[in-house]
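These are the structures in question, set out in turn.
Next come two complexes built around chain A: one with chain B, the other with chain C.
Moving on to the complex of A and B:
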């Protein structure tokens, strides 16, 4: 059983793709200035968040709206432990991750039996509660004033943080890839397609769903903890709904449920947003229109678009253009 | 600290604001019961309603004619909803989209971002106040600002009209039938997609009424719909999705719990009490006080 666990992973291809993608990223600090590196570092944080939320919403079909809250829990969990108990970072950061995983497990248990709409509302309510508590308990969290936390490295330039986040993102994405390619990943897809059917085929849906909630929350917490000790000031804004909306944009543009899509689009969207900040809110307007247009024409996002283009360029490969379950049009 | 007078004041204030919150929740739940989707952009329609009210009062009618401006704002947003629905929501039923809930969530959150950021980009983040000349009213021992009291009375009026529409008109009958069974309505030869459009328009118009009436109380700015939407969704969870009496009862309950908590426990946590109530309800009765039984598949 153990040996079969990753039987479906093509290791050679995986290593090749990872190396080909990472090599240019490793060389970036040679050409980029300090501010550009900072923007890149932040965008890697969003890569982890987008990829892990995609695992939950896109692959497993659990459309949670609380992912940004788990990043905040990871960050604040670590930051508060340092502030109030003077804990060292090697203890506080795992604590933040563990706290995010624990609350993710709890939330996963609460929403276990809920249909999609209730699940979205319940997770949203959870996230808003975290946001409000972080703001209102200002004696403990310093609220909107911002919680100052110590830095990850005592004295290090932006390149060190950039490499830290790069390794973190790489390891997280690799771990997520292995999960998707393991039997667990197939159970997750089965739950998304038809939960009742998966159950009837003997998939332990309760365990898979709670495991996915716990795992993805832990990834968000991990990203949040590193983010906290990189930006040095935490604000409840981290748990704001607009952060979640940003994640949704990143994942939907890339392709909800496609593994590679969100990985490729998350960073460029964050980078564009940062550099277009001086033009006001127009970038968000454009993203919103893009998302609506994509949902209407290519619900699979850019990944589906790319797949179709590839199919057109290489017509020898079979094309999967037809919908899986063609529905008859309702009578006029 | 504790006195019966304070208690009475708190209760009255809670009921008054609760009824207005309920209007918002009613819009959400009404759209859900017909179109079977959650409109996350509800607060943005509230915001548009308040902006239209502001424009009408400041540039056209003057503060004395706010009661003319409010229905006009609602009508404007009703038409806007009628225009938006075929573009965003109708494909859900005509294009054979597999995961309708996810589609609706993504599209309405995109709409939320679109409208909110468009408002900021066009009008800036400033707070505007249309002003109100209404004198302060004494309700028993409680002095209440005239604008707030007027908003309360007009909300009651709007609720009454909404009730009459549902119970006394042909359209209301069709809408209630659609809430029971979409297929049944189609079998009776009614264009369900047209009904969806009207229901969406009415739902967002309810949010716009709240926005227009509360414009002098909570002011007019691009994100002014956030808090009211939050309350609206809390009420939905407490009262039960798809239940109109649930929305009303839960709205008043939420208003009272929040005022009591603010007055007697601690005021910075005002917004947290509602959520604790919500999490409690989710734990013990996930379908809400009056909600439909949650059924799988």
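Moving on to the complex of A and C:
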């Protein structure tokens, strides 16, 4: 049965691609300084968030605007448990992830029958509620003052955290890939294209959509929990809409619904954002122009652009060879 | 003969409009039944009731003796009652191969390798094989209609296939191919069909028995010649004669 579940996975290719992409990242701490490593570590946090939101919005078509809130739920869930109950991290972090999954499940149930814009509005309202709760309940969360939480490691340099986040991102992305290549992944794509037709073949769309909401929220919570115990101070800013906007930019530039696109664009955009910070909010203007230009010419993002370039470089082997007359002419 | 698909007093109203009004239909196992009627007669409403898209206001639907009225569409599909849509619906961004594989996987069981083999078989049969990797949205109207019908055949447990206007606006070559597929599947595994269509020549060829619906009611049943000879049927289609 297990073999059956992943019958569509090309394991050899998967291992090769993962190894080829990870190898240079393993060597980075040899050349990068502490600050650069910090920037990279934060970028890996965004890789997990962007990839999981892409699963929800890009693959399944559930354009939720609450993904950043689930990262905050994971982070605060763990941090608050430590602060108020003195829980150890091995218990508090899974609690944060479970809380994000549970609330993801609940939100998924609530927005089940909503389409496109209504789902976006409802999830946005949910995220704003979380944002306001974290700010307003300052006796409990310390609000804008920031919640200090203990570190993941008692004494460790930036390289240790970098490797931790690298492994976390790698494992998360591989898990997401397996989901996309399983029958479940098929059902997710089918729901995005035509939910009614998916139902008419026997796909339990309620179950699939709820599962995707739960799973992607858990991934966001997982990233958030690690982020919390790396940055050591949590602020409600984590649930701010600007964080969601950043995720949207990362995924849309990479290619909404393409698996590899958002993985490749998330980190460079976060790195760019960090180095543009000294110029204030100008980075958003740059991204806005980039997104508009890209949407105008390549709505499929950089993934679509890459596909076209590949097609141009190797015109002899088009992937979707469509003969002009696949059907014979009618008999006279 | 025991009916495979049977409705009793099936009614559905939308506000003041009674779309289907006490419909009683019994389709025998292995039968290819035609369903005709002028626009607005309630044919598509009946199809939507049968496949769980609407819950009936009154009446019952039985599939192989078991009531399926009020079940959700995916549960009905898993019992072996499948449908096609009047406006062709496909998973546009998925390849043809994946479009075929999906109904096979949606049953929640079965080996992927077997599903792929089955999909390739149907791609060859429909001569769509050269387009296997192309996204379904790149197909022409006729090819889309063909693919939509074939998707249902991918399900091994298919008992009854309800086709809502599968021949509308399609060239004769593809029309013939769809007819051949229906006849072959009916002969090979005894699949029962309910076919909604306005194409009388096709109906004559496929359906020994035809049900006529007018204004939400079943008003006649019989061979095409029998029902076409009835005055009320002719009047419903063409209007009352002045004389």
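Following the convention adopted for this analysis, the second predicted complex is superposed on the first by the 316 of 332 C-alpha atoms of A that agree within 3 Å, B and C clash if a C-alpha of one lies under 4 Å from a C-alpha of the other, contacts with A are read in each partner's own complex, and residues count from 1 in each chain.
Simple rule for what comes next: a contact is a pair of C-beta atoms (placed from the backbone, for glycine too) under 8 Å apart; a residue touches a chain by one contact, two chains touch by 3 or more.
Values in this document were obtained by computation on a predicted structure and should not be read as measured data.
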item	value
Comparison of chain B and chain C by chain A residues contacted	B
First, second, both or neither for A:187, with chain B first and chain C second	second
Which of chain B and chain C A:296 touches, first, second, both or neither	first
Which of chain B and chain C A:110 touches, first, second, both or neither	first
Which superposed partner A:8 touches (first chain B, second chain C, both, neither)	second
Which superposed partner A:203 touches (first chain B, second chain C, both, neither)	second
Touched partner set for A:51, first chain B, second chain C, both or neither	neither
Touching partner for A:284 - first (chain B), second (chain C), both, neither	first
Set intersection of chain A contacts, chain C complex versus chain B complex	196, 323, 326-327, 330
Chain A residues touching chain B - in the complex, by the definition given at the top	57, 61, 63, 65, 110, 113-118, 120-122, 124-126, 128-129, 132-133, 136, 138, 195-196, 241-242, 245, 248-249, 252, 256, 280-282, 284-285, 287-289, 291-292, 295-296, 299, 323-327, 329-332
Touch list for chain B against partner chain A, complex	32, 37-38, 88, 91, 93-99, 101-103, 105-107, 109-114, 117-118, 120-121, 186, 191-193, 226, 230, 233-234, 236-237, 241, 268-269, 271-272, 275-276, 278-279, 282-283, 286-287, 294-297
Complex contact set, residues of chain A against chain C	4, 7-8, 183, 186-187, 189-190, 192-194, 196-205, 257, 319-323, 326-328, 330
Interfacial residue positions of chain C with respect to chain A in the complex	51, 53, 72-75, 77-78, 82-83, 85, 89-94, 98, 101-103, 105-108, 111-113, 127-128, 130-131, 133-135, 138, 142-143, 151, 155, 171-174
